[in-house]
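Note that chain A is present in both complexes that follow, paired respectively with chain B and with chain C.
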Partner chain A sequence: MATKRLMKEFSLVQKSIPSDSEYPNILTLQPQDTLFQWKGTISGPKDTPFEGYKWGLIIDIPHTYPSSPPSVKFANKICHPNVNFQTGEICLNILNQEHWSPAWNLINVIVAILQLLGNPEPLSPLNIDVSNLLKLGDMSAYDGLIKYYAVRYGLKDEDGILD
Partner chain B sequence: MPPDSVSNEKLESYDSDGSEVHIDSVEEEEEEEDFGSFEYSEEEEFPIDEEEGEELEDYDDIISNSESQFGDDFDIEPSTNGTTFTSGSSPNNGHATTDSIGNSRRGDEYSYGLTQGQFREESTSLVNSTPMKFKTYTTMDLIDKMHKQCRKLSEILVISQDNVINLLQFFSWNSERLMEDYVTDPMKVRKDAGLLEDSHDLTGVCTTYPKTNPFSCFICCDDKLTTYKLACNHEYCTDCYGRYVEDRLSEGRVIKCPDCDLTLQTRDIDNICGEGSSLKLLESSMKEYVERLRAFKWCPAPDCKGIVEVLNMSEVKDLVNEGKIPFVRCGSEGHQFCVSCLFENHSPAPCQITKNWITKCKDDSETVKWILTNTQTCPRCETSIEKNGGCNHMTCKKCRHEFCWICLGDWKLHGSSYYNCTRTGTKDQIITNENKKTIASTKESLKRYLHFYNLFSVHEVSTKLDMARCSVVQSTVRDLQVVSGISWIEAQFIADSAKVLLSGRQCLKWSYPLAFYCDSTPLLNIFENVQAELAMAVESLSKMFEIEDPAEIVEKKKEFIDDCGVVLLRQNAVLSCMKELLESKTLPDEAFILKKSVR
Partner chain C sequence: MSEPLLSESSNQPKEDQVLPFADAPSIVRAHQKDSYFESVIRSKLLEVTQIFTGQRFVHTHPEELTVAAKALYLATTTLTGSRTLGEEYADLFYVTRSGKKLPKLAQRIGFILSYAILPYLVTRLIRKYFKRSNVDEDDGDEDDQEGKPKTWSSFLSRLTYTSVIDSLMSLHLAIFYLKGSYYNISKRLFGLRYSFGHTVNRNEAASNGGYELLGGLILAQLAFKLSNLIKDIHFTKLPEPHTSTDQEKDSEHRRAQFSAIPHAHASTAPRIDLSNEELLPYIPSASRNCMLCLDPMKDPCCATCGHIFCWSCISNWARENPECPLCRQDLTEQALLPLR
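What follows is the complex of A and B.
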């Protein structure tokens, strides 16, 4: 079931990424050696401190997909309350088995991650420092810290897209 | 003696225990189903099923209630027809005779030698487990109860029972909050819970497609012929929908449409996964339901689904403060557990000690695990030795002393029977006075704790082994009965011995936390000697259960009965000694508020 579904998703992705204007922040999304390992590149959404910088995503897909969710983490360091700075692990409820639905696909997942960038959840922090700034409401410090790390670790244009 | 009079006598002994009578009345309606599943209840030789359940209760109470004062002389009088153990006179109350197994069911003469009133007074002062009034429930009983609550709410809120089930699941069975919120703003509550806004309950639609024009399912990406969809029109093939629902039946929460917030109703679940599937969801949400009910407790025994309602919950606090263990017995399995600690009956250790001990074990478990598996101190020169292989034969690098990793005993005394150490290490395992001095002198409280923890966990493991062995032996003897025609009464001693063994093991296990929280005093020395004796008796009885041949087991009936007698006797000694320990002034204050209360 997983393979057939992923084939279908692949053909959907080829049609809509990067051309579809519905997903302006998904720059690339493609399978690697197998259909069960994907990589993607996203750009920070407009009007967020992430705007203007790029990050890679590493997507591992279980053989029980789509009954079980894919696991997604950032490939390069990103400073965000719900992302582990060291490992790139993302705390996002739809990526947990209990909240995941087989009716969602990889594009939905990445859209949810992009939404998370602009709408952090300070109550389930994986990065205590930056989520404390958020809790204190110190937005200039929050934006500043994110930009500092974005400049430092974000993918540069000359890096091209991640593959 | 005909079976009838045997059972009458047993009934009598049951009644003479004042503290047990109320349970009888409470359990009356449950009795039949609770005890109906005892293995031997179907035997025809024994006409009255109920008595067997009572007999077992009674039997347990003999174990925990029987009077014997530590320090008295115990007379063991073997007789051809069973064994009678008589405790000497106790200081408070004249004379009490303790019966042991074999006796009552054979119909030998015996009596408590006490009036009911005296017995009650005596037993409450001596025994530290107090049976609570309770009612047992099965999963099905609770499902009925849940349905009843749903019916009631559905009448009050004027909505379908299906809706109520969804709403209650959404509100984690907090019916007060549901009522409050629903009365305030029914639309909002319905929306939040994923119900359609009008109260017409539209069931989903199952559609069949023609082969020529199949449905392309988004989840599996296959062409399928049958689909299901809710009112939201999110349609998936029945295979995918079925798998989706099946995966969520055990989570105890409302199940939503795969693609939106609309909630599946009971009928949808049954339509998709087959009739009765929604019951599984109801069953899995029962945990939250039971947690809402203060007096309902899940049996803590692993894999047990028994539920007990404590009818005199208000007394628990006082009992615990008095150092008593408020316990109940779950269903036919006879799991005894403390309703305050939600742990197995931990007699002789009082609740405070148990709670401290459990917390301590949790807190220290990582450290302990590491130290237990990696280091040990040479019992002669106290050099710390790290274990680096699997072998338990240790040689100290400093003093060349050879010792056993498990019990720290001299290796030479073990000979080649290392296996006996883990399983039965008795004398070896009990801390010697010398060892205790070194422990005190090193002041390494962790090490002291490790010592008791080690003993505690050894007996925990042994309990499991014993249980497994007991059930094997009981079933082989049952098989033999069928072949050889040994009567039920003749073979009953096996079941009784198993009970004695497990109860002795439990008493032993929980006596270690008790000892851990006591100061080192002469009284504690005595306690530990009594403990050691009980350990030996328990191991000896445990060994009897290793006999493979059922015929040999039946032949050794007398030995079983004798061993049981010794276990019971020593268990009583531990209990009485424990009482003195708790009364004495030697307890560290933080561990106890009990001193005064145990009188």
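What follows is the complex of A and C.
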């Protein structure tokens, strides 16, 4: 079932990415050697400190998909309250078995991650330093720190897409 | 109430030298205490066996543990010649049928074996026997059709083991309530009768009252049951051939019903495939794909919230997560409604 569904999703992705204007921040999304390993590239959403830079996503899909959620990690370092700075692990409730729904697909997951970039949740942080800044409401420090790491680790729009 | 003092011992030197037989209420009280302590022992035994053999053994052998607890309790009390806690509580002890001697060891062993272990063995044997005879019965049905009605065999077939035992037990209980002598059949068998450990004032015993009314009621119930049974046999005698064909029809009907139930686990082709646009035309083309497998639905079924999925997709999901994938409303597998 997983393979069949992933085939369907692949054809859906091919149709809508990157041409579809509905998902302007999803630059690439494609399977690697198998249908159970995907890579994607997203660009920072408008009006967020991430704007203007790109990050890679590594997507591992369990064989029980879509009953179990895919696991998604950032490929390059990103400074965000809900992302582990060292490992790229993302704290997002729909990526937990408990809150996952099989009605979501990979595009929905990436849209959710893009939403998370603009709407951090400082109460369940994986990066305590930057989430403390957010909790204190020091937005200039928050934006500045994110920008600093974006310049350092993120890819510029002019760069090619991440492999 | 039977005379508490031993009347047949008139040839004995003095009547009041013989202790009086126990009355029914005291025996029942003692028995209740004993069954409480048996249950306590059983739970302790359960804990111990669980430590040594694991939870699984405990779950698969509950009857054996009960029998073991019962035997253990009686072996440590009655077998060694001391009184059980219940007997102490009501101040009773065992005497022989005549009431003049204490029961011998062989009697006590016989009682314990027949009381604790025999019923268990018999039920196991009967269960085994019935399993086999149930298999035989299927073949037997066809023979009945041409054969003439056999009243006797039909009478016997009605008498299942449990019903016979039940009526015997209640008959015995009625006798106990009326006469107050032996509470258990095995005690009657081995002549273990209870006697008070103290003399009883005649007036006191009379005021205690007895269970005669209960005994009478049980006897009346038994008589009613028996008359019903006889009536039943009498009436089914004539139309017997009809009933057997009716049964045949009934079983055929039932078989047909069963075959109509879709086999959820059969991996055969789906019965309803929505890729065929003629099927279930009221479902608009936009909603004909399952949100889970993204294919046109196969065997569509509806959740309580109204969302539709493939049968196999949603039942797999619902078994692990009892909520609708689309709206997260409660969703149980048994509440799924197949569409057709």
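Here is the rule we use: the second predicted complex is superposed on the first by the 159 of 163 C-alpha atoms of A that agree within 3 Å, B and C clash if a C-alpha of one lies under 4 Å from a C-alpha of the other, contacts with A are read in each partner's own complex, and residues count from 1 in each chain.
What we mean here is this: contacts are C-beta pairs under 8 Å (C-beta built on N, C-alpha and C of every residue); 3 or more make two chains touch, one makes a residue touch a chain.
All values reported here derive from a predicted model rather than from experimental measurement.
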{"item": "Room on chain A for both chain B and chain C (clash or fit)", "value": "clash"}
{"item": "First (chain B), second (chain C), both or neither touched by A:5", "value": "both"}
{"item": "First, second, both or neither for A:102, with chain B first and chain C second", "value": "both"}
{"item": "Partner chain(s) touched by A:93 [first = chain B, second = chain C, both, neither]", "value": "neither"}
{"item": "Shared contact residues on chain A - chain B and chain C", "value": "1, 4-5, 8, 66-67, 101-103"}
{"item": "Complex contact set, residues of chain A against chain C", "value": "1, 4-5, 8-9, 12, 66-67, 101-103, 105"}
{"item": "Contact set on chain B toward chain A in their complex", "value": "218-222, 234, 236, 240, 243-244, 247, 251, 258-259"}
{"item": "In the complex, chain C residues that touch chain A", "value": "291-295, 313, 316-317, 320, 325-326, 328"}
{"item": "Contact footprint of chain B on chain A as seen in their complex", "value": "1, 4-5, 7-8, 66-67, 98, 101-104"}
